[in-house]
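The letters A, B and C name the chains in turn, as written, and every chain counts its residues from 1.
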Amino acid sequence: MIRFDQVNKWFGSYQALLDINETIAEGEVVVVCGPSGSGKSTLIRTINRLEAIQSGTISIGGQDIHRKGLDVNAFRSHIGFVFQQFNLFPHLSAIDNCTLAPMALKRLSPTVARERALALLDRVGLAHKANAYPSELSGGQQQRVAIARALAMQPPIMLFDEPTSALDPEMVGEVLLVIRDLVRDGMTLVVVTHEMGFAREVAHRVLFMDQGRVLERATPDDFFNRPQHPRAQQFLSDIRTPFAVA
Amino acid sequence: MPPFDFALLQHGQYHDWLVSGLWVSLLLAGLTLVFALPLAVLVALLRISPLALLRWLGAAYVEGIRNVPLLAHLLFWYFGAPELLPEAARQWLYAGNIELASAVVALTLYTAAYMAEDIRSGIRAIPLVQFEAGRALGFGFLATMRRVILPQALRVTVPPLISQTLNLWKNTSIATVIGVAEMMYQAAKVESTSFRSVEAFAFATSAYLAVSLVITGLGAWYHHRYPVRTA
Amino acid sequence: MTELIQTYWLYFLVGQYPKGPLGGLALTVLLAGLALVLALPLGVALGLARVSPFRIIRWPVTALVFTVRGVPLLMVVFWAYFFLPSVTGVKTDQFGTMLIALVVFDGAYLAEIVRAGIRGVPKGQFESARSLGLSYAQTMRRVILPQALRHMLPSLVNQFVATIKETSLGYIIGLTEVSFIAAQINTQVFTRGTEVYLLLGLTYFVLCFGLSRFAFWLEQRLARRKDLQPLPQPLKASA
């Protein structure tokens, strides 16, 4: 469904992505991991065009998404993106954060939009906080609202850029549970994360990146137990894995 | 409307008037700057003085001046204040250039009030530990200020001070209200004698813009050449 | 001084109204208020133009803003006074002239305040709005500007104070605002210039200082509002 064909990207003279060739099937859950600066965030941001690419093509459903003339806004409304920094709109309550886009873009009536938003907030466990403002919510709560906000547009694809990296440890679990819940719905998910336990449990495939390249792609079982690439081996031995099973 | 008469601006009586107006504006700004800066430093020091009374004096000065428009200040110093002077001083003043004198006094007090605040912010930007280090070495309050704080504060303060200089340059135009023959005065005079409003005001506009550009450029150069370096 | 106040207080406050046009302090405040109300939408429009991704919008507006900010307000007043009648064909009175000059001048200054306000909104806000599929215009209107403008409120009150002081230039074109009235009073009493102009200064002081205090109080109040808290910046983990 999502296809990278010889994709290269530069920031000025610094090459962030080198010859990326990957395919992500519909309904697949892919985790992208790797050390800092490996290009994982850049990769995921090229999927919804928050970053441009200089060569190669990225296609979704067979369509080149970086082509000129594409209606970027319509395109983005079909992809959900969850940021590391949550980026909730502070001047709107939780439920208003979730109804803004559906009302403005899908022209839903306020009643219908609110109903749907409330259902989504309930799904992430925050229906009781519908009228709270982001400043009154904890980090974990804000991120869950952010997920509900992205889901409100009913996208077939959801992208997560290190969704739990900015959270205090005790709140990481509640967010990961919400994401895991989405897997059961058969959504296509691409998650950039350091949470290896989550990857092991939930991902269909793991992509390991370093210095702009995808160095290894494998099932979680293969990746965590039998990493092939020396850089991947080094990476795994460097990080602590609280969910590790010997 | 008659076509633009460039010749008017290049020679002749009107040209002379306009150019003399420009010189007076520059003179006014320059004189004010010379007096306002030291006064501003003094007021800034008052405002951060350890003595409450001095602090209050500084605050009263700044708030009292800044909340009154420059025009009202000019009117006061030209129409009001000379009354308070002894007869002899007043005669001497009227014989000389009382307009310019009043304008310099008003502008100096006004500009110093704003500059004092910028200098105060600059001083406050220097971490307290610098001050403590100076005192620990045995320097008194003023000596610490002079040797440790102010030299560092200077770099932070120069950009806002240049901004205030820009304001000062523009504020010289208001001196026209008490009859100082600066640029606006002359431009209006040319207009009323020749009805050549476009030429006169084009000259004035260009002159103001040109000097503003120079001042802004100076600020950019300073910022580039002497960037703020923290410890 | 008290008899001065007793004789002229009404004239000082409202000019010749109702036997003539409104003047004095009332006119000053009215002019300033009206100018700011009109300058604000202009300032927002110019501020938006200043951050526009389209050069064809950005450059001319930048040039305009720099020109207006590079010349004294008096120059703008003279432009309006001498050129507006010939350009529009309508002879505007002093109030109209002063109003137009103030709107243009303050609009240019507000443009920079708005621009700074927009730039002050974290970039993530823009990205998350665009990621939802909102267009640039929708993002500005519903996400960026509401945040920028809310944070600008104390600055706007300060701008009001500045505008009140700016109205004093109406004196030069014969507008009967409070400085002009004070000068009129001075010509009538003649030997009490100090008192008259001290009173003028005091009036401005009370008005402007009072408003500044209000702006300060407003800032405190706003700091406590739920929808205005700056979000706690989470630790930025590596990309």
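Criterion: contacts are C-beta pairs under 8 Å (C-beta built on N, C-alpha and C of every residue); 3 or more make two chains touch, one makes a residue touch a chain.
Since the structure is predicted, the reported quantities are computational estimates derived from the model, not experimental observations.
Chain contacts here run in a simple line, from one end chain through to the other with no loop closing. The most central chain, judged by the distance from its Cα centroid to the centroid of all protein Cα atoms shown, is C.
Per-chain Cα centroids separate subunit A from subunit C by 45 Å. Taking each chain's centre as the mean of its C-alpha atoms, subunit B lies 22 Å from subunit C. With each centre defined as the average position of its C-alpha atoms, the distance from subunit A to subunit B rounds to 56 Å. Across the complex, subunit C is touched by residues 1, 63-64, 66-73, 75-76, 79-81, 83-84, 170-174, 176-177, 184, 187-188, 191, 197-198, 201, 204-205, 208-209, 212-213, 216 of subunit B. Here subunit A touches subunit C in the complex through residues 36-37, 40-42, 48, 50, 73-81, 83-93, 100-101, 104-105, 133-136, 139, 142, 146, 149-150, 153, 162, 165-167, 194, going by the rule given at the top. Within the complex formed with subunit A, the residues of subunit C that make contact are 122, 124-125, 127-135, 138, 142-143, 146-147, 150, 226-239. Chain contact summary for the complex, subunit C toward subunit B: residues 67, 70-75, 78-79, 82-83, 86, 161, 164-166, 168-169, 171-172, 179, 182-183, 186, 191, 193-198, 200-201, 204-205, 207-209, 212.
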